[in-house]
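There's a structure below that I have some questions on.
Chain nomenclature is as follows: A, B, C and D, assigned in order of appearance, with residue numbering initiated at 1 for each chain independently.
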Amino acid sequence: MKSRRAAVVGASGYSGEELVRLLLRHPHFELTTVTSRQSAGQTIAQVFPKFAHIPAARELRFTEPKAEDIAHSAEVVFLALPHGLATEFALPLLDRGCQIIDLSADFRLRSAAVYQEFYAHAHPAPEWLPKAVYGLPEVYRDQIRQAQLIASPGCYPTSILLPTLPLARAGLIQPDQIIADSLSGVSGAGRKAEIDYLFCECNESLRPYGVPKHRHLSEIEEQLSLAAGMSVTIQFTPHLIPVNRGILTTLYLAPATNAHGPNATAFADQVAACYHAAYDHEPFVRLLKEKALPDTKNVVGTNVLELAWRVDPRTGRLIVMSAEDNVIKGAGGQAVQSANILCGFPETAGLI
Amino acid sequence: MKSRRAAVVGASGYSGEELVRLLLRHPHFELTTVTSRQSAGQTIAQVFPKFAHIPAARELRFTEPKAEDIAHSAEVVFLALPHGLATEFALPLLDRGCQIIDLSADFRLRSAAVYQEFYAHAHPAPEWLPKAVYGLPEVYRDQIRQAQLIASPGCYPTSILLPTLPLARAGLIQPDQIIADSLSGVSGAGRKAEIDYLFCECNESLRPYGVPKHRHLSEIEEQLSLAAGMSVTIQFTPHLIPVNRGILTTLYLAPATNAHGPNATAFADQVAACYHAAYDHEPFVRLLKEKALPDTKNVVGTNVLELAWRVDPRTGRLIVMSAEDNVIKGAGGQAVQSANILCGFPETAGLI
Amino acid sequence: MKSRRAAVVGASGYSGEELVRLLLRHPHFELTTVTSRQSAGQTIAQVFPKFAHIPAARELRFTEPKAEDIAHSAEVVFLALPHGLATEFALPLLDRGCQIIDLSADFRLRSAAVYQEFYAHAHPAPEWLPKAVYGLPEVYRDQIRQAQLIASPGCYPTSILLPTLPLARAGLIQPDQIIADSLSGVSGAGRKAEIDYLFCECNESLRPYGVPKHRHLSEIEEQLSLAAGMSVTIQFTPHLIPVNRGILTTLYLAPATNAHGPNATAFADQVAACYHAAYDHEPFVRLLKEKALPDTKNVVGTNVLELAWRVDPRTGRLIVMSAEDNVIKGAGGQAVQSANILCGFPETAGLI
Amino acid sequence: MKSRRAAVVGASGYSGEELVRLLLRHPHFELTTVTSRQSAGQTIAQVFPKFAHIPAARELRFTEPKAEDIAHSAEVVFLALPHGLATEFALPLLDRGCQIIDLSADFRLRSAAVYQEFYAHAHPAPEWLPKAVYGLPEVYRDQIRQAQLIASPGCYPTSILLPTLPLARAGLIQPDQIIADSLSGVSGAGRKAEIDYLFCECNESLRPYGVPKHRHLSEIEEQLSLAAGMSVTIQFTPHLIPVNRGILTTLYLAPATNAHGPNATAFADQVAACYHAAYDHEPFVRLLKEKALPDTKNVVGTNVLELAWRVDPRTGRLIVMSAEDNVIKGAGGQAVQSANILCGFPETAGLI
């Protein structure tokens, strides 16, 4: 199988680091370029000592991020840049014909109006919004295959959309009654020198934040609206939890039909059928059996999202729980999964 | 102020240990008796080295738990025993005239039928259920003053009831639409030698459990039903989180009136008025101001429950968040608070 | 007992916060002044929500740090300031007759030359060095009673000096063969927004630092030299460990006499006699018995230092291990202990 | 390259689990057999949900451990069994011609007398002691190639021997003056349901244990004695630290020549030359450069041991620090490294 040359732009954060790790071991991508203003000139091994035993990490040096150089050295470019800066790099690279997997939020929305509502300024390249593909392979696999610009989903959105989209599409739940309660490890905040994320401020601490309107709501609601065929507003509460990695999301859902008491079992069967149809053949979605419930320690370090559900006969509600590694299935791993599809590689290449 | 002699029965678990700590420093209780089968004969300092600098801890020895001896040496008895065993000790102590603060679930329900539903056997002393007082001082202060048997609330129930009871009593929320999502530190599982609670199984792990029907639901629902004047069923999902102590509860509540969009502010004002009326004079409930949200690290080590709320104009829902130390306000501290009331001591004695 | 008015200057770090906590509950000190440039105007309760249930914390407001105001409002001033800045505040306060307990390293050395060697600049007030008393109550209790300026020891020095000074004074060990291996929780690094101390950089990480010449060596070596009556150089390796609080020090010591094989027991008896003579009556040094070894979780939250020792008959070495809370016995608690002595209060006041 | 069939006997502990993970992805070993009394009949995916996305994990079932069956289905057998039990399985498998990599301590010593001293009973198969090869590839690569029985080193010994053996062989240090201070994550204690290893007992705790005579001393001292050509006794103190994985060892060494003051640099150069000669071509030993010091977070998840050293001109001592993943380079990874050598596979196969 032919290989492709890949670049990671902005490789000094947690997501960029994970991308570098995955691409260094990938059987079909050749990592030719890693950029970072602050690390230019140093090898990967110097910046990330933990990769120093991988021969390529001792050879490849970080460079200054220049679109022209990047376009020369890579066909596939992963952007691990802050919001806003991603667009600045994406546009000249797209012009030069690169295929882009953008891990920022810049191109995740189809609607420039929603973008303006949540980000408080006009989108700088609205002409690309309809052309960008939302990089959730379980949903947009066919579109990803032909995309030039893939907007890789956020970590919270992935943990919420994979459990809810099949149910919304099948009409099994009331899409405007979704409540998502999410717990995230501290890597979700990025590698930023802020007091709030110091060890002593996070350890032995449990706290909600961004209540009630988090920016990631916009992409979650847009995707759910598309699936449900109606405008959907959801409830979402993120919490910061003292683990390095992992997101655990608990969803409280209202069945479209009566699922109280004796009806619970039949509804649970419908949910099970829906999930099995959607995910039995997916390599990175694991439907848990019998009494098992998701646990982030079973997915951290992998590209897998774990999923379990219960119908509560006492309340008639559907409870769905998901677990993922926020830096892999929620960021770098999912981006590589999309890139595999884009390049015609086996979808699991470098991810198992 | 006259002092009372106090006993802690079953002092080797986390709640018992906290009771011992609080009573050793208490200005009005004299800790005369601590019992534990496995530690009988040893001093408190030997069993809990961390208390060895407190002179009384070097004097007082654990004894075998015998009702007759306990009744001789203490007027006030705290029971920190497993479910079921608490009743065995409570009955003879009650007969001998002791005042009992029971930290188990044995006497928390008024209804023997609900007890049987959740615990799968008949209550062994149903005649005491109507006489026991639910030891939530913010709600039952007057009854606690005259009680002989106080059933101290569970840690999850405290974190859910203090935020919801005032709203339910005031008719501000739909009591049958309550969703409680709770995160608990590992001390909540007790000091038990089980694989599931080993360091390596809990650290870097986030997991729900007991979905969808946890035993503590029974006391939560009974108290909410009393407050709402109707039979209430709620949704409750506990999660195990890698911290030693602390419970963070996020509540998703449905306002009794329309709180969408422009109505959100007015409803938020009603909620604020309700909470201020209920808790402004409470020494151990802290209503957070402005942008502050609860954080367990601000309550761990104290008897305080932190409370904040938001009305989401996009969904019309009320989000309420609480934080407490599960071993203090959720167990030993609340028990001492009740005992202070019972004995006519200042309610905050030994707790600030 | 008459009370004294106390001030904490620079109360926004971890040590300052702990001082505030201890003084808010102290039976004889009245905390009248807390200063912090960044928090001026706010109440203690606003800056440290965890103290908001203490009535005085809701009254007292942070002020700008001005020596004149501080001297008006307090007789006893605790300085919790960075190295260098402490001297700037100490001098005008000393001139105004305040009693100073300085938690910085500014006045811990008697020798201005050693200061210059370790800090690479001349001491700004060398005339105060001989007058300052090293605030280790177990060693300098009498001098503390009459001091105007107390230099409270560092956290590492406390954990090393309390175990070694009695042995050095008694001539039981070779003072120039001391090896101290210390593990410290992350609070030891202070509340600084640096990447190195982010949760994800510290959690699941064990690392030495400052090898081989740490600044704290200067005060350790000076005190040991005084005790041994000879110039002492020691080996010291600090490590950063993912806990919030606590220092665990393991000392490798060379007995002054042969302690190999059958001689080990006799030497162990001498060590035991030395420690019992030094510490049996000390309220904050706990000599562990039989098989017990120090564990930071038994001292965190207290002003206690735990101590245990073993003579290894195979190597003839003496191993001594100590545990303390770096923010209490290693900082704020020890400062209050000294202040109690200085003011004629019971030494344990506010600390048990 | 031809592949070999491999078995893991006793695969339910942390080391066994890691072996399974490594072998499931190994390019040349085919994992055909995993045994565990308690898990017999279940697939790997059921026992270890975190491997469920690997196709082979969903196929292979645990079986009862029977030597005859194991010998039929595998040429190479990894024993991840408790001390003592390993011998019971090793003997019949050796008789049947299997190649054994034993992760227990059963065959690590050459001397049956030392075994008896440390384990308090006679070795059950002393005839195998001289034939077993100590599986430290950096030292015994040639012998491993021809071994039938490999005794894979313990986690502490690996972290101590790799830094000290080259120095001892070169005569650069005084071999009888070695002090090793080690910090270990809790996985080192195994997956055992004991109170001491509960989350709440380990989290926020730092503690030494097994002072002064730990069983692992025997293999460390035997190997050092062989390298130094004299009988060596060392000082070793292990500590239990709240991380899942990782060992950080700090070694205090006495140079064979004067390394004080101006001599320090020349001695440091000799040490550097020694280490570079020993390890520059080793794929799994990383010599750190310039100011870098070992950090377990840079080796966890890999088979790498990190190494750095400093000569202290003030004391004339050599400080060497190492970091490794106790479950990989200290157990399963090192075992696979040896097995690669044994089978003529690339030594890094499945480990990078």
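Here is the rule we go by: a residue touches a chain if its C-beta (ideal position, glycine included) is under 8 Å from a C-beta of that chain, and two chains touch if they have at least 3 such contacts.
Predicted model only: the values in this text are computed from it and were never measured.
Across A-B and A-C, the chain pair carrying more C-beta contacts is A-B.
If you match contact pairs by residue number, over half of those in A-D turn up again in just one of B-C, B-D or C-D, and that pair is B-C. Averaging C-alpha coordinates per chain places the centre of chain A 39 Å away from that of chain B. If each chain is reduced to the centroid of its CA atoms, chain B and chain C end up 37 Å from each other. Separating the CA-averaged centres of chain A and chain C is a span of 47 Å. The set of chain D residues touching two or more other chains comprises 185, 201, 203-204, 242-244, 295, 297.
Contact residues on chain C toward chain B in their complex (touch as defined above): 25, 49-50, 52-54, 204, 283-284, 286, 288, 292, 295, 297-299, 301-304, 306, 352. By the touch criterion given at the top, residues 14, 185-187, 191-195, 197-204, 242-244 of chain B touch chain D in their complex. Across the interface of their complex, chain C is touched by residues 179, 181, 183, 185, 201, 203-209, 211-213, 233-235, 237, 239, 241-248, 250, 252, 293-297, 300, 310, 312, 314-315, 317, 319, 321, 323 of chain D.
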